[in-house]
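So that you can tell them apart, the chains are marked A, B, C, D, E and F in the order they are listed, and the count of residues begins at 1 in each.
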Amino acid sequence: MSKASFEVIPHLKKKTIYAMLQQGSRIDGRKLTEYRQIAIEAGIVERANGSALVKLGNTMVIAGIKAGIGAPFPDTPDAGALMVNVEFVPFASPTFEPGPPDENAIEVARVVDRGLRSTGAVNLEKLCIVPGKHVWVLWCDIYVLNHDGNLIDASALAALTALLNTKLPKVTVEGGEVKIDERTLEPLPVEHYPVTVTMAKIGDHIVVDPCLDEELVMDARLSIAVNEEGKVCAIQKGLGGYFTIEEVHKAIDMAVQVSNELRNKIFEAIKKVGT
Amino acid sequence: MSKASFEVIPHLKKKTIYAMLQQGSRIDGRKLTEYRQIAIEAGIVERANGSALVKLGNTMVIAGIKAGIGAPFPDTPDAGALMVNVEFVPFASPTFEPGPPDENAIEVARVVDRGLRSTGAVNLEKLCIVPGKHVWVLWCDIYVLNHDGNLIDASALAALTALLNTKLPKVTVEGGEVKIDERTLEPLPVEHYPVTVTMAKIGDHIVVDPCLDEELVMDARLSIAVNEEGKVCAIQKGLGGYFTIEEVHKAIDMAVQVSNELRNKIFEAIKKVGT
Amino acid sequence: MSKASFEVIPHLKKKTIYAMLQQGSRIDGRKLTEYRQIAIEAGIVERANGSALVKLGNTMVIAGIKAGIGAPFPDTPDAGALMVNVEFVPFASPTFEPGPPDENAIEVARVVDRGLRSTGAVNLEKLCIVPGKHVWVLWCDIYVLNHDGNLIDASALAALTALLNTKLPKVTVEGGEVKIDERTLEPLPVEHYPVTVTMAKIGDHIVVDPCLDEELVMDARLSIAVNEEGKVCAIQKGLGGYFTIEEVHKAIDMAVQVSNELRNKIFEAIKKVGT
Amino acid sequence: MKKSPPVPLITPDGKRCDGRAFDELRPIELEVGVLKNADGSAMIRQGKNIIVAAVYGPRELHPKHLALPDRAVLRCRYHMAPFSVYGERKSPAPTRREIELSKVIREALEPAIFLELFPRCAIDVYIEVLQADGGTRCASIVAASLALADAGIPLRDLVAAVAVGKVQGHIVLDINHLEDEYGEGDMPVAMMPTRGVITLFQADGVWTPDEIKYALELARKGIMKIYELQKEALRKKYEKVIEEVEVGV
Amino acid sequence: MKKSPPVPLITPDGKRCDGRAFDELRPIELEVGVLKNADGSAMIRQGKNIIVAAVYGPRELHPKHLALPDRAVLRCRYHMAPFSVYGERKSPAPTRREIELSKVIREALEPAIFLELFPRCAIDVYIEVLQADGGTRCASIVAASLALADAGIPLRDLVAAVAVGKVQGHIVLDINHLEDEYGEGDMPVAMMPTRGVITLFQADGVWTPDEIKYALELARKGIMKIYELQKEALRKKYEKVIEEVEVGV
Amino acid sequence: MKKSPPVPLITPDGKRCDGRAFDELRPIELEVGVLKNADGSAMIRQGKNIIVAAVYGPRELHPKHLALPDRAVLRCRYHMAPFSVYGERKSPAPTRREIELSKVIREALEPAIFLELFPRCAIDVYIEVLQADGGTRCASIVAASLALADAGIPLRDLVAAVAVGKVQGHIVLDINHLEDEYGEGDMPVAMMPTRGVITLFQADGVWTPDEIKYALELARKGIMKIYELQKEALRKKYEKVIEEVEVGV
C-alpha cells in the first residue's frame, strides 16, 4: 500500500468529480477521452547516452539511458540487456518517501519494461558484441520529478524517447579485446514504438490519462501498451476495483486510438534534436 | 528476542502443564519421554534435487535441496559446500514476521548445520569436481509451514531426509570444461545419519519433543544431535534457564535412546520413494 | 541528525561553560588553545597488519589495518587502495545506536581519509603489484570505544599511527602468480604525516580539542588537517553555525601550531614499538 | 531471442506439449484447511505447481498508524521458495517480480472481500510457492480465495483465475512452464465468477484486439470450471467438519 | 597517481580549459518555482550542472519522537541521478559521499533559517543532481536556498556558494568537472553574503595558509556575484506571480 | 577435510602446541571499569584474545512496546572488529555466527541477573572482540559478567565460562585458535560457579557420552579457577575505588 493511495481528497471535490463525469466532463475541463497536454524534450542530459524529459500536464518525469559493456544473462548469451528502473523520489510528492523503489515504483518499471520487451522495441540481439562474453547493457532510469497522476504513461513516453535519443560508441573486437571508439556514435537499434495509454474507472465512467485528483477517487486502473501496428503489447490492471469484459474491450479500443497521438509527440521531439 | 517468546499463555494452562507434569503426564497426553507422531514424506518437490516434508504432530516443515556448480571456499579447495538456511515465514505462526531470518531461525539453521557437519553426514570431498575451481554447492532451504514447537528436530529431520533424497546429475571434466549429464542421476554421498533430539526443562521436569504450549512455559531447552553410532555430534542449550550437570547427562542418555526411532522414520520415508 | 546532537546538557553546565570562557578558561580547566592529554599505543592487535589505541582525555579509539591483495580501481590501475571506515559502536556512548555507520561516522571517516589522501600519506603507487591486476588493498577500521568529544582528531591520530605501525609481507611475482612471503615483513610506505586539529566555536570563542560537554554547546566546528610542512591538507566545517573569515584564519594558525605536538606523540608511540 | 523449446510446443496432431487440447485445463487438486495455525488455508496442485495460501485475520494491525478508519487493510505476500524453481536456487529475498505479483494478487482479491466490515484491522494473505510450473499467480489467487473463505471472512464471491497464452499462434488455456517460457504471450486473468467481472488482468506478448477478445472468453470458460472445483473443495471441508462434529472428533 | 587530463587545464595564453579567466564564473541560469507539488523549488544550470532543489515544509514531522520542542528539524537529501555522471551508471542507493554532502549542505543552510519559528516541525530539502559537472554541492546550496525562499520560509539571508580550486598551481574560481578531477585541490565555500560569514567550508589538496587566504577572498567575490543572480531569479518569479495575479491566470 | 595444522597440536612429550598441559588454562588478565561512559565495563585478555564488554542499564527501553511489564529485557551484542581475526578483514556487518553467539551469550548471562527487579527496563551488554584467539564466546561471558557487576546490577552469581576441546583424541581445557581450527571438537561451557549449574552449553565434533562427562568435569574445574580470577578483579576495582575516595581523587 502506498501512502499515496491513502491521501485524503476533500469530500466535496470527490462529489464534484462524480457530478461532472455524470455530465460528460472532468474536473480539469477535459473530455473523458482527452489526454492532457504533452511536452517532450529529448537529449537534455548530455552525460547520459540518451535522455528525455516528459510533461503530462503537471506530471513531470525524466529518463536517462546509461550504456555499458557487460556480460550477458546466462540464458540469453547472444543478446544485450535492458534494465528499467523507476524511482519515486520524495521530491515529487509530499506522499513519496525516501528509500528503494516500493511496490508502486516497481510496478511502473515492470509495466514499462513489459511493453518495450514484448514488442521488441530495442533489438537486443544487435547489442551483442562477443556472444556469451560481452554485450551492451542498457540502464533506463526514470525519475519522477512531479507527480500529478498517470506516472505509467509518462514513464513509458520518457523511456521510449530516451531510447530513441540514445547513441552508442562504435565497438570493434580485435583479438578478443573490445575496443571502444568514443568519437563514432551510432544510434541504438530501436525497431518498434510502444506507448502506453492508461485509463481510470471512476464509478461507471472510464477516463483517459487520469490526473492525481482523479487517481485519488478511481476504483481501478487499466494500462494498455500499443505498438505502431495498433497491436496490444502489454496490459496491466491496477487497484482493488474490477472491470467488466465490455469495459475492457472499450478501453482497448480507446487505447489503440489515443496511442498514435502519443507516438507522434515522441517523433516530433526526436526530430527536434535531429536524430 | 523473538516475539514468540513473549506470546502469552493463559495462566490456567500454565498451571495445568505443571500439575500434569507433577503426575508424570503432559498437556497433550504424552509421557515425558514420548515423541509426537512423526510423518516424513520424501521427494515431494521435483524441481529440487531432493526434498522432504516432515510433520511432528502439528509442526510442519519442508526442506528442499538445490545443487549448483560453483567455486569452493578458499580454505577448503578440495571440498564441496553445504549451506543450511531456515526461514520462519509469517505463514507458519501469528508471531512470525516477514523479513530475513532472525536470531531464532539462524540458531536452528546453525544447529542443524553443526550436526550434519560434525559427523560428516555429506562427504563434501566427493563433491569436488576440479580442485580449487569447480565444486558442487548444495543449498538446503528449510521452510517452516506450521509452528507447533520443536522446530530444531523437525528441521534436522527434514534436512537429512532431503539430503538422502538428493540426486545430482553426473559431471565429467573434459579439457578443463565441466560437462553436466542431466539424464544420469547419482545419489548424494550421504555417509552418516545425525538426528537431533530436543528436550525442554519445565520446572524440575525434562520432557522430550516439546509442543508449542510447553515451549511457552519452558525454562530452558537442550538439543542433542546423535549419529548412527549413538555418539553426540552437536549440542545446543537454549533460553535463559539453566541445567544441572546431572540433568545434562540424563538428557544425553534420553537423546541417544530416542534417536534411533527418529532415524528409522527417515529410512522408511526414503525406502518408500525407492532411493 | 545524530541523537548525540540532541543530548541534553544541564542548563547550569551550559552557563558555566560560557562564563568560564568569558574568563579565558574551560570547564575541564584547560586553556582555550590547550589540547587534552594524549596517550598513543601502537601495535596492540597482532592479528592486524598495524594498529593503534589512542586516548584523548577520556575519548578512546582503536584503529586496525588489514591488508589484502585485490584488484585495483579501474581508474587507478597502477595504485593500491586505502579504505577508511569508522564505526560508532553503541559501546562507546549511550547515544550511539547499533547499525551501519550513520552520517556522523561517515563524515569522520571521510575527513580522515581526505587528510591522508590529499597529502599522499601512503604512497599508493608503491602498493601496486601487477598493474591493472593485483594491488595491495588496505582497510583502516577505526572503532570508537569511549566518546568524550573530538572523535575526528582521535581517529586521524589512530589512523596515521596504525599505518606507521603496518608491515606487509613481501610479495614477488613469478610467471604472473603472486607469491606471498609471510616471514619477510616490510614497512608500509608512509611518506607524509597529516594530523587533524579540531576547534569548536562556542559563542564568540574558539577552543581547541573540544570535550563532549563543549561539543554539546558548540555552535560550529572546524577541523584542519596539517601535514609535516605546516600545510593544510583537509578542511571540514561542521554543524549548523558559521565562522567569520577572520575566525577561519585564526583557526588555521592555531591548527598549524598545535599539529607538531600531535605528530610528535605519534612518532614517540612508533619509536616505543621499534618500527 | 527466446531459445527454441526442448520439446515441440504444439504436436503435429494439434495437441500441446503435455498432451492437452488448446482449451483444456491441467489437472487441479484443491485442499482447504491444510495448516493448523492459520485462520484459513488452502493448497493447490495444478500441473506441477504446488502452492499453499494462509490467511491470518481479521486481526489488529501494527503499526497502528497504517490502520484505516473505515475498512480493513488487505496485505498480501507472494513468495517462491528457493527450491521451487527450475534451474538455480532462487534467493529467498523478495524479487521485483514477487513484489509486483504480491500487489496484483492483492488487488485481484480485494474486490471480493467485505473489507468495510473490519475497520482498523488487517487481513494478511501469505502465499508460498513450493513448486512452480507456470501460471503461479493465478493458482495463488485460486488458493488464496479458498483460504479467505476458510478463515470465515465474508466474501462477495470467490475469485478464480487462469492464465491463457499464445503459443505458436494458438490461443491456449492454462499455460504451463514450457509454454510460458517459450510461447509468445501470457495473459493472466482473474474474475469473480458469479458476477463475471475481471479483478486481475495482465498481458505480455503482442495481441490483436480480436485475439484479446477470444483469449478473454477462453479464460472465462476456464475460470468457471475452476470455480466449480473451488466450491467442491469448500464443500468437502465443510462436510469433513460436520462429520467431525457428528462423530465428536 | 592522478592520470593526466585529456586537455590542458591551463592554456599557454593563461586561460582555463573552457576558456575562462582564473576568476571567472561559469554561465549560471537560475529558475525559481519549477515544480508544482513542492512548497518551494528551484533549478540551477551552471556549466553543465543541472540540479533541481525542492522544499517541503514546514510540515509535521514523523516519527514524532524526532521532533524538537523549540525549533524545526531541517532535513536534507542530496542525491545524484544514475545517469547524471560521467562514465558508468551510478547506483541509485546513497553513497557515503552523498551522505556526507547531504550533511554539510544541511549545515550550510541551517544558519540562514529561522528554525525557531517552527517548533516540532520538519523542513525537508531534496536535491536531485540531473547532470554533474563539478561543484555540485555549491550549486545545490544555491538552488536549495532559492527553493527555501520560494517556499516562503523566513530566512536571515540567502546562502550562496562556489568552489575554488587549485589547478597547476593557480587558484581558480568555480572549478568544472575536469579541474575537479585532474586539479590539485578543491575548496567549496558557502556564505551568507550580506553577513559575510562562512556556513560551508571544506577542502582537499595541499594549501599554504596564504593560499587559503587568497582562495577565500576569490570565493567571496564569486559568491557576491551569485548572490546577485539569486536575487534576480527571485525577483523574476515574484514579478511573474504579480503578473499572473494581475492578468488573472 | 580440515587441513593439517601448521604446528603439531600435541607434542611428543604430551604438551599442547603452546606448551600447556591438557588441563591448563591460558594466562588470563581481567580488568574492571575500563570505559568511562558505560555503566559497567571489563576487559579480558586470555591468550591473545582481547575482548571488552560494556554494560548500559538498567535504562529505559525503546521502542516501548518491546518492554516487559514484569522484568527487564536483557539485550546482547557480540561483535568482532574487522581487524580482530586471522587472515582477511571481517566485514563489520553482523554475521550469522555473531547473531547466534549474541543469543547464546545473552541466554548464558540471563539466569544470573535479577531481571525482575527492573520491570520495563533494558539492560544492554555490548561485547567487542578486538583480537580473537579461540574461545571468544566464553571469554566474552567472563568479561560481560564482570561488566554487569561493575554496573551495580544485582546478580545471583557471576557467570564464568571456558571451552574444552577434543584434540587428537585428548580432551583439553581452554582451547586456543589453532586447537579450535584444527582440533576435532569444541565444547563451550558457562556456569554459575557457586550454584554449579550450566547456563551455556554447546558442542560440535563427535563425542561419546563418557567423553562429555569427562569434558564437563574438566570445564567445571577451569571455571572455578576463572571464577577466582573474576572475584580478584572485582576486589581490585573495589579497592581502587576505596583508595580513590580516601585520597580524594
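Quick notes
Operating definition for what follows: a residue touches a chain if its C-beta (ideal position, glycine included) is under 8 Å from a C-beta of that chain, and two chains touch if they have at least 3 such contacts.
The model shown is predicted, which means the values in this text are computed figures rather than measured ones.
Looking across B-F, C-F or C-E, the interface that copies A-E in more than half of its residue contact pairs is found at C-F.
Of all chains, the one whose Cα centroid sits at the greatest distance from that of chain B is E. For chain F, the chain whose average C-alpha position is most distant is A.
For this pair, chain B with chain D, the centres built from the Cα atoms lie 31 Å apart. Computed from the mean C-alpha positions, the centre of chain D lies at a distance of 52 Å from the centre of chain F. For the pair chain A and chain D, the distance between C-alpha centroids works out to 28 Å. Per-chain CA centroids place chain C at a distance of 58 Å from chain D.
The set of chain C residues that touch two or more partner chains is empty.
With touch defined as above, chain F holds no residue shared between interfaces to two or more other chains.
Interchain contacts close the chains into one ring where each touches exactly two others, per the touch definition above.
Taking chain B first and chain D second, the full cyclic order of the chains is B, D, A, E, C, F. Looking at the complex, you find that chain A touches chain D at residues 1, 6, 75-76, 78-79, 101, 103, 106-107, 109-110, 114, 117-120, 124-125, 222, 227, 231-245, 248-249, 252-253, 256. By the touch criterion given at the top, residues 1, 3, 66, 68, 73-75, 96-97, 99-100, 102-104, 106-107, 110-111, 185, 187, 192, 195-209, 212-213, 216, 220 of chain D touch chain A in their complex. Looking at the complex, you find that chain D touches chain B at residues 35-38, 48, 50, 52, 54, 56, 59, 77, 79, 81-86, 88-89, 92-93, 124, 126, 128, 130-132. Contact residues of chain A toward chain E in the complex are 44-48, 51, 58, 60, 62, 64-66, 68, 85, 87, 89-94, 98, 100, 139, 141, 143, 145-148.
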